[in-house]
């Protein structure tokens, strides 16, 4: 359902649900309307993290029944896929100095190593985006006052070259909440293709296949969906980097309406890239991060959960509190 | 109790407790005796992580009663204390390129930022040591075959300049276990001093103050202790870097006997630096990592737990799986 | 001569000399007037490098009479002074991976090392500034179209996060020209102090002490002056970083009038920092780089030249052609 | 002439010329014999730089007749070829923070930029190798005492993780000497191929084509040869990285016999890679750097010299004095 009807249905859902929701109607006259102040106040920097209450923690803890941990993270290594759609490819380097670095010291003859790590760490591998990652250019090129982030915060106000003064990753407090995984590739019986969109109907069908429904998604959940694209990881990095399958704009609007805390997937976008409509570039990124303060996690590894057919779990994740950063590499995990 | 009697008492405790324990008697004739194979087999790379069973996860989950999350991590920022005891100080840099990095793209005029982060990331800030961090030099200088790590693995076998081929941080699976915090500074009513040792008796007294005893420490626990040294963080970085208070050798042996998965503290060593006996350099690091496979976490922030007087909790931590690294920066947190 | 009279005299010199000169009168009504197009055309990116003609090369070659080389560069090392007036100190790191990095390969059992170097390389140590290093903010904060570089080029036009598209260091072609060193510290018999200004009269007196006069400075020369501040290098890095002695504004105007290709000194500014008049920040940097396309070299080592009392020489320097960079570290040298 | 006869002829030349020469006969019984102490003494770290006398500087200066400068350097940019024969590709990154980095400051409203540069800088692009770059493994793997560099210096003695304590790039003093370019590709009328060797006869023929002979090569010269492989630069980086044409072992021995200060070429090896005889890996690197202290420059751009048919010139180069580094990026240039 890649057509306009699907989008309009999605938008109607959005409009009906309505409250506390900053999604903007997709029209010929895009840009989005003013999306601030946020529902959590004009000074808020935490976005959907405000949905993480003690009750939500208890809801997650109650899902721990077998004591099994499922790793959801890819290993960081120099030959992992490194985003290269932009002209200057991202980098990741680890250097371990010396042979070994220091020592031996003491009569106990201790010696030790330390490593030096460099790269676009916060935007490579398994990671989360902070609300400083993306913005919408409302004004003329070169006018930093009209590059607007979550809650209308401007680039001129927060950018400075050595980390953002607001919205950086240090705002992302530790997350322990209910997690839901929707297996779209399982529904289709195949990996989705580059540029292929996932509709709200696909989500409904996939949930049904898991004996769930839209009613099983609750505010504050961490919502994950599997496209199968992650099976390309280190198997075909060029294809992995070339684009993504992902949520249609309407499905993105549905996610927003569900008031989740974050959306995560097994590739590097929460939408189809390239977008089937060439006039949009990553509109779900924009809606989630900029307009609604919903966090995005990318390059997750669902294989352990899928093998165990676990779709509901406690989700634990501590983003590195990198002051002023646009995101954080991470080691999320599930427990049931 | 910085004297030999204290040490001997500690050693007796060690010797009595005994089994599954690779601690080496401290003597005039140090070096340690051969400490391999490990109790988990000659091929093991996971050390004390083997103690993390599903039952341990359930034990932790049962501690979640109020749904409160306590952040245990320091913010990563360029003006945090950066280890500088060695001649070449560690570094940490974050650079956010551009104004902004890319875009605007699409009619939705999306723009985005990414950051470039460099440094001794795995050994600065709140972090965990992997078992590749330290080794003992058993042979002549320059003989890599006799630089020995956990389980007897040699430097020659695993070192290569771009990350270790064994024992790297990717071996540290996600941790969800019972956590115990022992407030030594609370017991003393003051911050401990540089080079000041914590004895087993101190631990007993601090546990008693918390209505606990040694019996409350169980195999697989994550064991934390507060020295107050962390209050220097960003207040007096030079003093913070100048040394540490910490566990005496006997207290270190006691920790080993308790079969914990990891030991964590609010400074950068799990012992007194400088050691009161100048012939030892960081012997607890050596005993924990090299000889017993017990992990070490450093530069933790206990302030939220201390304020709430929470000493027993579920502990959640996902180390970044940095292939071949000597450690990982982290965002550990507690829940109760 | 730190008073207005001195400045006015300097300005009169500037006004009389006049032609080919974009220096702007210092007034209460600063900002500078429009300084573009440059005398080398509206498309020029090379600035004063246009003064380097084959005749100038021959003039330099004729100065080589003894075959002696004088190194003018500081060693790059982690404990050199690293600029820290701004909140985030510059960094320089060298890591040599492994033990060694690769090999042995072949029956010839060759092994090799490579290093990983990180930092604000182009702005630390002995270096040259490119014309992308500095600009004047003519408009409102956040308006990138009115941040103007040499030849009026705007930040909006050339900035992009991965190097500037114009004015980068790759524009700095190899330099072989006549060099002149003026020993101001020798004249004064002492190191100049932080914030101390060098007047045109000081320059005259120092030249006279060297049996030279203003007539000995010629278009296309590389002009160097010694303040003695460089003697603090690695002796007192904190003081070295705390400020600089340097050319007064009037002396800066005189330099411009002499039509040199570059100005170099033994500290990190070509002026007094802090400026005696607190309303100016680094006005000579601005006049040289932004308004007149004259290059700046910093942290030079004049000790070999001074010891030999060599004040006129062939000057050889190849800046690293780092595409889009704001400068380059370097290894300049003199020959006579 | 890729056969053994050619090699034997070359070796005979070597043996006849003989004095001051540490080249080791290639035999079935390779490893090389003990190559130390060097002809410049047991403590020497400068190798062939000892050949750069004032007389040599004067000889070079006398070649400056037209005042023309020929750039010999490639631009450093992220899309240049980055060595990738080893599993972990080299990296080069430039990041320009902010928009812009700092300011505006003062009533003069000055603002400035600085960049952050990371990578295997000393071994990418146009560069020179220091004598710490390569060594021969004489002993058992893991025995750092028998990894031997120039003058027999051992890895155990000088390696330490943050730069070598001897033989680093800071030992490479500024170079101003006579340069000779031999155009092998011009002789052949084509780019040489991957793995193709250049014989001494090829050198003779190419010199003759330039109205020169072996007699025109003199001690202390900087010797360059053009293979045409550099025409692949940024045109076909994969092919450029895949291997090299270069000097045969016999031609390498001839170079040594000529007592040059350095050998430079338009690709990344001074020999054929892969070597036609699979048992050798980069034997010329080994002979030049390790056994004879002759420096190597790589990835040079000869196009300006070739177009002007300039084969003899003054050569100027200042390596960055990076303490302890294995090499330096550079901006060499020729003058005639």
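Residue numbering begins at 1 within each chain, and the chains themselves are lettered A, B, C and D in the order written.
The definition used in the following text is that a residue touches a chain if its C-beta (ideal position, glycine included) is under 8 Å from a C-beta of that chain, and two chains touch if they have at least 3 such contacts.
Fair warning: this is a prediction, and the values are worked out from it, not measured in the lab.
J.: Quick check: more C-beta contact pairs at B-D or at A-B?
T.: A-B
J.: Looking at A-D, B-C or B-D, which pair matches A-C on over half of its contact pairs by residue number?
T.: B-D
J.: Provide the C-alpha centroid distance between chain A and chain D, rounded to the nearest whole angstrom.
T.: Chain centres of chain A and chain D, defined by C-alpha means, are spaced 47 Å apart.
J.: Quick one: report the Å distance separating chain A from chain B, using the average Cα coordinate of each chain.
T.: 30
J.: I'd like the Å distance between the centres of chain B and chain D, where a centre is the mean of that chain's Cα atoms.
T.: Centre-to-centre distance between chain B and chain D: 46 Å.
J.: Which positions in chain A touch two or more other chains at once?
T.: 78, 87-88, 91, 93, 95-100, 102, 116, 118, 141, 144, 155, 159-162
J.: Once you've mapped the touching chain pairs, tell me: line, ring, star, complete or other?
T.: Complete.
J.: Given the complex with chain A, which residues does chain C contribute to the contact?
T.: Residues of chain C touching chain A: 87-88, 93, 95-100, 116, 118, 140-145, 154-156, 162.
J.: For the complex, give me every residue of chain B touching chain A.
T.: Touch list, chain B to chain A: 30-32, 52-58, 61, 64, 66-69, 71, 73-78, 86, 90-91, 94-96, 99-100, 102-123, 132-138, 141, 144, 147, 155, 159-164, 170, 173-174, 176, 275, 279-283, 285-286, 314, 316-333, 335.
J.: In their shared complex, at which residues does chain D touch chain A?
T.: Within the complex, chain D contacts chain A at residues 78-79, 87-89, 91, 93, 97-102, 118, 144, 155, 159-162.
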